[in-house]
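Okay, handing you the structure first.
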C-alpha cells in the first residue's frame, strides 16, 4: 500500500485498504449472489428466525419410509446443503455468530427441521460450476443457492419448487439520467456478476449492450461506482439491498425477467423431490414461508409480502 | 458434446483472449524479469535493494489480491486502466518476479571468469550483461522459464475475476446455459493442455537452438 | 607505461601486497615470478582493477587508474589481459570472441573488425578455427584465441596471468611461441608465469616476488646466473633441480 498511500490522505488510504481487502477476500467466492459489506435484515434476524424454526412443522414418521433419502438424513442427524456464505439476504455467514442467514439459509434449516426435528444444517459452499456434479455424486442432499430452474439444468438435476421468484433489474449511478430501464442499455457497457443469469439474459433483453463480468457483487458495485460500466444488472433484491447501503447508486425500472428458483436435488431421486415439494406446499400454506421472506428479503424490498410461487409452475420443475 | 460444439464461438473468443493475454504478458514478464534480475546483481546497492523489494513483494502476495487491488484501488486515486490492460500489467509484473529469480539463477551459473574477461576488454557493466552474461545465463534457464510461462498461462484465468472473458470465463458462461460442467470444463482443460504443450514444445526447440557447445 | 607506487592490498586480514613499487617502460617485457601465494597474480589483477588496491597509486601511460565506471572501461580497453583459464565467451564463436571488443568498445565497423580478427587469428595460428566454439578447441588453441582477443583491442600493454598454468605440457610451447613473437615485436608485456624458459628467452627484466613484496629485480642473465637474495636462490634451486 505504501506506493498508493503516498498520494492520498491517510484516511483515504485506509478506506482504499479496507475496500481492497474486502474485495480481495470476496473475490474468491463465486456464488450467484456475492457479498456486501453491510447486511441489512440481519439485525434482529436471529431471534425472529429462531421463532420461525421453533414453530415450523416436522414430518410424520409415515412420510419417511425406511431406506429413503429422508430416512438417511434423519439417521445422520443433519442435512447437507450446497450453498453460499456470501449472498446477502439469501445465504450469508454472520461474521459475529457464525450462523448462516438469509432466505435460502432459513429455508434449508426449515427443511432440516421438517426431516430431523431440529434445524441442523451442514453447509458446503459450492460454485455455480459444480452444483450439478455435486448433486449427481450425492455429495450434498440439496442445493439452496438461487438456483434458476431451466430445462437444460433439469436434464441433469431435479428441481423442487419453485420456492422463490425474482427477476433481474438495472442499477445505475445516482447521477445517471439517460438510463431509465433495460431498454436504454443498447450501446452501453453493462456490468454483470460472473456466472449469474444476467450473463445470458442481458444479450436477449438489451441487444447491442456490452458486457463486463465481475466475480463478486461488491466488485461489481465498486466497478459501477468507478465508472467501469454504465449500469449493473443483477437480481432485484440484491440490487435493492446494495442501493440501500450505497447512496451512490439507484435501481431503475421494474425487473425485466422472471427467475424461478428451485431446490436442486439428485436427478434420480423422485421420492425425495415429491417429499420436498409437499413440505414446500405445507410451509407456504401455514404462513412460514411468508415469515421467512419478511425476515430476510422483505427487509429491503418495498411493498407487501408476495404470493409464494406455485409448485411445479415452471418448465423444468 | 453438444455443450461444446454448440458454443464454439464463445470458446473460440475466450481462447483467442487467453492466447492474446498469454503472449502479451509473457513479453512483459520477460522484459521485467531481465530488468529486475539485472537490478539484483548490479553494483549499486540502492538498485539491488529495489530489485529485492520488487521480488519479495510480488512473490509474497496472491495474484488474485494484486489483480483486485490494481483494478479497484487505483481508480480511487484517479488512475483507471482498461480491464484487459490492467490484468496484463498485473500478471506481467507478478510473473516477472518469478522470471527474475529464474534469470538470476541462470546468471549465477555463468562463471566469474566470463564477467572478468568481459570487463578486461573494456565492456561496461551493461555491455557485459548484454553481450556476455545474459546470453549465457538465459540459455541455462530456458527450461525453468518455460515452466513459469506455463504457470503464467494458467494464471491468465484469474483475469476472469476482473471482467476479462478469457477461456475459463467463457467456459463458465457456457456452463451457465448448458449445465454440463464435466463436458464444458473438460473441453476448456484440453485447450489449456494443448497450449501448455505448445509452450513446452517451443521451450524445447529454443533449448536445442541455443544450446551452448560444452 | 605502467607505474605502481606503494601498492597495498588486503584480503580480509591477509596482507597480500606490501608496499609494491614497479615501473614498466614502453616496449619492455617484465616477467614476474615467485612462489604461489607471493601476490604476483594479485599484482597483475590490480593493474586493470579486477582487484581494487587498498592503497597506493597505479598509472597507465601517465593516467591514474580511474574508479568504477565508463572511464575505467575505456582504460581497460587499453590494457589487454590473458587469463590462466582462458575465459573465452562460451556462446560465441572464436571469431565473435575476437570482434566483440573492437565492435562494441572501439566502434570499429563489423566488416573491418572481422578482417582484423581473421588476420590476428592467422597470426596466432588458428585461422581455421574462426567459426568454432571455444569448447571445440584444445586448451592451447583457446589460449591463443584469448591472446588474439586481447590483441584485437590494440592494447598499450598486455597482462598475462599465468597463461600456461592450465595447459597440458605439450600445448605450453605453442602459446609461449606466440608470446615470444609478441615480445620481439615490441609489445609492452607484464607476464606472471612459472615458465623460466620464457623468462630467459623473452624478458627484459625479471621481477621476483615473495610474501607480497618485490624482493629482487634484474635482467634474466643476472637473475638466473647470480640471484642476490637467499629467497630467490632458494626458489630457483627448487624449480631448477629437475
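Remarks
We call the chains A, B and C, going by the order they appear; numbering starts again at 1 in every chain.
Rule of thumb we're sticking to: a residue touches a chain if its C-beta (ideal position, glycine included) is under 8 Å from a C-beta of that chain, and two chains touch if they have at least 3 such contacts.
Owing to the predicted nature of the structure, the values given are computational and were not obtained by experimental measurement.
In the absence of subunit B, chains linked through touching fall into A | C. Chain B has its Cα centroid nearest to the centroid of all protein Cα atoms in the structure.
Greatest centre-to-centre distance from subunit A is found for C, with centres as Cα means.
Between the Cα centres of subunit B and subunit C there is a gap of 45 Å. Averaging Cα coordinates per chain places subunit A and subunit C 80 Å apart.
If each chain is reduced to the centroid of its CA atoms, subunit A and subunit B end up 37 Å from each other.
Contact residues on subunit B toward subunit C in their complex (touch as defined above): 43, 111, 113-114, 116-124, 127, 131-132, 135-136, 139, 210, 212-214.
Listing the residues of subunit C that touch subunit B in their complex gives 48, 50, 68, 70, 73-81, 83, 85, 87-91, 100-101, 104-105, 133, 135-136, 146, 149-150, 153.
Subunit A contributes residues 4, 7-8, 12, 15-16, 19-20, 23-24, 27-28, 128-130, 132-133, 150, 152-153, 155-157, 191, 194-197, 199-200, 211-215, 219, 222-223, 226-228 to its touches with subunit B in the complex. By the touch rule above, subunit B contacts subunit A in their complex via residues 62, 64-65, 67-69, 71-77, 80, 83, 160-163, 165, 169, 172-173, 175-182, 185.
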